[in-house]
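Each of the next two complexes has subunit A plus one more chain, namely subunit B in the first and subunit C in the second.
Let's turn to the complex of A and B:
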């Protein structure tokens, strides 16, 4: 029954999409200044229907309607209520439906919030947006239908992969998708702007809030995924340069570049075509990301979600999009004169874009290179953390210095640099770095440079903040983001250099000592839970230096549906450091393999990222206040 | 004067770095090795038997006084390049290692040309 409702709604949405495109083209010929009311109604109707469609799928998950394949494959009647709901978008079909919903709702919001713009510009944007919506709806209905039925109806579902039953991962896809799909709006707007030769400044004004929304949510989405990886995958890291992680980072680089160059377009009406290229690129990378994740073309921890035929469809969709964009761009490209002063804010923003594109190319290359070597030379290579670290980190040092100085320069032509101040701050950073080494521990040369440059950015931003308070201005959004980025690099640097990792085998009752820590295996017990059994260990960690004692309970969980074993880390988070223990059984032995980690400043890494995205939200609120 | 202070401080940093003893960190090596039978996990993170074996092999090699790069070479010869997360610099991986820098340099050149054009105008 629910399946029929869902399919009908999907089908109605396709009809609505087609009729909307038809009415939009009709409306182009009309003389009036306003878009006809009909179009508003259809858009509203379209959004309502797709939301109902999504709720139908949620309902199917909640009542465990196993006649629907998606529910059968990804749910189980014993699963906790919360994960039944989050299971809706924890799978391929449901997550694509989520894509389509956000696409549709954003399309309606764009219509509502672009009233001050040229009518034809709005209409063309909506037409492109609705072509995208149709593309996804067709994909949903004919390739990945979330409402397909299975006969005979199974008694019980297969259950959601236990590592996906997690609060951070429940919010990860929606956050990330707002970022991914938000970029569709400026893709459509860019194409529309090219078609009607829209004014650069107005174009920038119309999309800047969309860029901020997608960028801020994308940042949070990446964070949620990273936190999940930290405590769920059991290796104590938060970024592995895994292809799927990279897929979420690639659009982020493009968005960040766009976020900055858009300011130049708005203020100085420069870089119009470059901004257009970035708009197109961001959405293309978002779809590429989906393609990489969903096709299973890459070997990754996320390969629980793949099927080649899906990949083919997205690949065709992607090629069409790229093809259309490139053709249009070539037809409309006009040479423009860049009147740039090397010493100006515009230049620094160009430099930002230069670095962002470098990061983007490096990560993109590292992600897809193994595919090419395997196809072309039958040669399997792994591109992992050491590659990215050795290529990117040295460049980040330079980047942080530019990032400190850039915001202070003036538009058009900068008058003077406060060289004195720069040297003072540089000396302060070096001294602090020196103090860290002197008081705690020395680290490699490159780490020295990273920490010095991060401190430089932090101190510089703090000084900017101080000046801002003196002038009683309230726009701190840029400073918050830049400061938090400096803090992020600093804490990652410290975390990397001051982590302690020990890997050893213990039997119940035994104790292991190293440095000033001791780890004691106190107890082991078996407990039964609603949908799994768990072997729970009790470990006591003692720090002889400050007589601190902590008890941690890592688990080995045995799930019935689907039958899986997971290793749950036990983490004690603190302001200064996290303690992290995982345990795993060793076959034919009483011993357990214990991984103990001390991870300093973990919590500050998360907080830094939250503040980076907070900067985006602050700017968004400020813009909203100015406009209404 | 200030420049001298900066140079002095940087040199001081150098000295500290050089004073560090160069012992091989086995954990670091494990992190740079792929667990061949797992899905996207390094040897350090995996609980599999394969990972345990590789750990023993690496520890053995360190004991025998092999350097870090000698250990990687040994493993690559045995299991292929798939096992190391840092692809070796050779004919196949040439583009992988060079393109990022090429992109970086050409980005700089493009920005430089933009300014040059302006001055010529």
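Let's turn to the complex of A and C:
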């Protein structure tokens, strides 16, 4: 029943998409200034139907309709209600449907909020957007149908992968998809702009809010994934340079570059083709990321199924997108001479873009290099954190200094620098860094530079904020994001240098002491929960220095559907540090392997990222007020 | 001319990348036990428990069905499933291969003397390395394969009565 409704809705959506493209082309020939009302109606209808389609799938998960394969494979009648719902997008088919929904809704919003722009520009953008929508709908209907049925109807579902049953992961896909899919709008708009040779400034105005939306949500989506990895994977880290994490980071770099160069296009009408390239690149990277994690080329929790036909479909789709956009770009590309003054905001923004592209290439290389070596030489290599850390970290230092100075410069030509202030801030940063070393502990030379440069950016941003308040202006969006980025690097640096990690074996009743800490294994008990059984350890952590005592309860969970064992870290988060314990059983003994970690400032790392994205939202609200 | 060369170079580069992606699509690099069902097992090289010989996939080809059971004397759930394995041993079309996993040989022998030996062939994987090729997370786990070496089903955890009925229904169909 639900399956029939879902399939019908998908089919109707395809028909609507095709008719929309037809009417849009027809509208191109009309002489009026406005887009015909029909198109608004079809778009609204299209969005409504796809939302109903998604709710149909949610309903199937909620009522545990195991006649639908997707529900059977990813849900279980005993699963908590919340995870039944999040299970809707916790699988390949459902998450693709989520893509299609966001694509469709954004397409409608673009139509609504671009009224001040040239009619043909809007029409071509909608045509491209609807081709993308159709591409995804065909994929859904014919290859990855979330409403496929299974006969005979199974009595019980196989269950959602337990490690995906986590609140952070429930919100991670929707957030990330708003980022990924949001970039489709400026991909379509860029193609449209190339086709009709649209004015650069107007183009920048029409897409800047979309860039802000996708960038802000992408940032939050990456954060949610990272928090999940920290809590759920049980390794105590928050970023592993895993290819799948990288796949979400790649479009983020392109978006960040775009966010900045768009300002130059809007203010000075420069970098038009560069902005177009970034628009195209962002969405292409988003689809590439989807291809990499879904096709099975990369092995990860995101690889829901190992079906090469899926990868092939996305690859064909991706290739068509790339070739169409590259050939169009080649045809329209005109070389322009910018004559930038080296000491101007434009140059600094260009420098920002160089950094972003450098990071992008580094991460892209590290991510796809193993795929290439395996195909070309049949040799498996893995590119791990040492590569990224050694390439990216030293460059971050320089980047932070540029990031501090860039906003201080003026457009066209900067008259003078406040050298005096710069030196004062640098000295203050160095002094604070030495204070940290003096009061706590010394660290490597490179860490010194990182912390000094992060402090430099933080202090500069604070000073900007102070000036802003003095002038009673309220546009703090840039300052908030830059300040938060400085804070992020600072806290990551401190976290890296002040973390304590101990690995040892304990059995019940035993105690281990090291530095100022003692860890005592007090108790072990077995408990039964709704969808799993758990072996729960009770560990008492004492800090002799400040008489602090904490009790942590790491778990080994045994899930029945599907049969999986997961190791749940027990984490005590505090304002200054997190205590983190995982335990795992050891074959043939009553000892447990215990991993104890002290991770300073973890919560501040998360907060910093929230504030980075908050900057994007603030700017969005400001733009909305201006009524673009 | 120079422009054309640059453009052609860019296009060729894109084609190269897409080509590599295409080839790698058909290479399976997934380590997922669920995905193993329906796949053919290859490259099996297990040491025999008591004789100085290797057990390879050729040994499975002689049987209609083979149940590969990974067990150890130190594993409590293996004890639970043992009576069912003994029952399965009576099935005509089914041969049983036991893989003794990271175990002490003497304890393993005592275990089989105490509870009975359900295995037609017994192999040993002291380091647990060979078991990785079968996608073994932990033990007990069992894999049912047919004559063509295709994995029909994987049983993670001990074999229950319902699994016994399932295996019985499959092997008796033949």
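Methods note: the second predicted complex is superposed on the first by the 620 of 628 C-alpha atoms of A that agree within 3 Å, B and C clash if a C-alpha of one lies under 4 Å from a C-alpha of the other, contacts with A are read in each partner's own complex, and residues count from 1 in each chain.
Everything that follows uses one rule, which is that contacts are C-beta pairs under 8 Å (C-beta built on N, C-alpha and C of every residue); 3 or more make two chains touch, one makes a residue touch a chain.
The structure displayed is predicted, hence computed values, not measured ones.
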(request) Overlay done on subunit A, so just call it for subunit B and subunit C: clash or fit. (result) fit
(request) Could you say whether A:371 touches subunit B, subunit C, both of them, or neither, answering first, second, both or neither? (result) second
(request) Once the two structures are overlaid on A, work out the angle subunit B-subunit A-subunit C from the Cα centres, in steps of 10 degrees. (result) 70
(message) If we overlay the two complexes on their shared chain A, which of subunit B and subunit C does A:434 touch? Say first, second, both or neither.
(response) first
(message) So in the superposed three-chain picture, is A:386 touching just subunit B, just subunit C, both, or none of them (first/second/both/neither)?
(response) first
(message) With both complexes overlaid on chain A, does A:362 touch subunit B (first), subunit C (second), both or neither?
(response) first
(request) Would you check which partner chain A:45 touches, where first means subunit B only, second means subunit C only, and both and neither mean what they say? (result) neither
(message) On the A-aligned overlay, A:591 touches which partner chain: subunit B = first, subunit C = second, or both, or neither?
(response) neither
(request) Figure out whether A:311 sits in contact with subunit B (first) or subunit C (second), or with both, or with neither. (result) second
(request) Mind telling me which of the two, subunit B or subunit C, contacts the most residues of subunit A? (result) B
(request) Working from the superposed arrangement, determine the closest approach of subunit B to subunit C, counting only CA atoms, in whole Å. (result) 6
(request) Kindly list the residues of subunit A that each of subunit B and subunit C touches, one partner per complex. (result) 299, 303, 587
(request) Spell out the part of subunit A that touches subunit C in their complex, as residue ranges. (result) 291, 295-299, 303, 305-306, 308, 311-312, 315, 318-319, 322-323, 326, 330, 368, 371-372, 374-376, 562-565, 587-588
(message) Taking the touch rule as given, give the residues of subunit C at its contact with subunit A in the complex, in rising order.
(response) 7, 10-11, 14, 17-18, 20-32, 34-35, 72, 74, 102, 137-138, 156-157
(message) Under the definition above, what is the set of subunit B residues touching subunit A in their complex?
(response) 2-3, 5-6, 9-10, 12-14, 16-17, 19-20, 27, 31-32, 34, 39-42, 44-45, 47, 49, 55, 80-87, 92-93, 95-97, 99-101, 103-104, 107-108, 111, 114-115, 117-118, 121
(message) Can you tell me which positions in subunit A touch subunit B when the two form their complex?
(response) 233-235, 237, 240, 242-243, 299-303, 337-342, 347, 350-351, 354, 357-358, 361-362, 365-366, 369, 373, 377, 379-387, 390-391, 395, 423, 426-427, 430-431, 433-434, 437, 442-445, 448, 501, 503, 567, 584, 587, 593
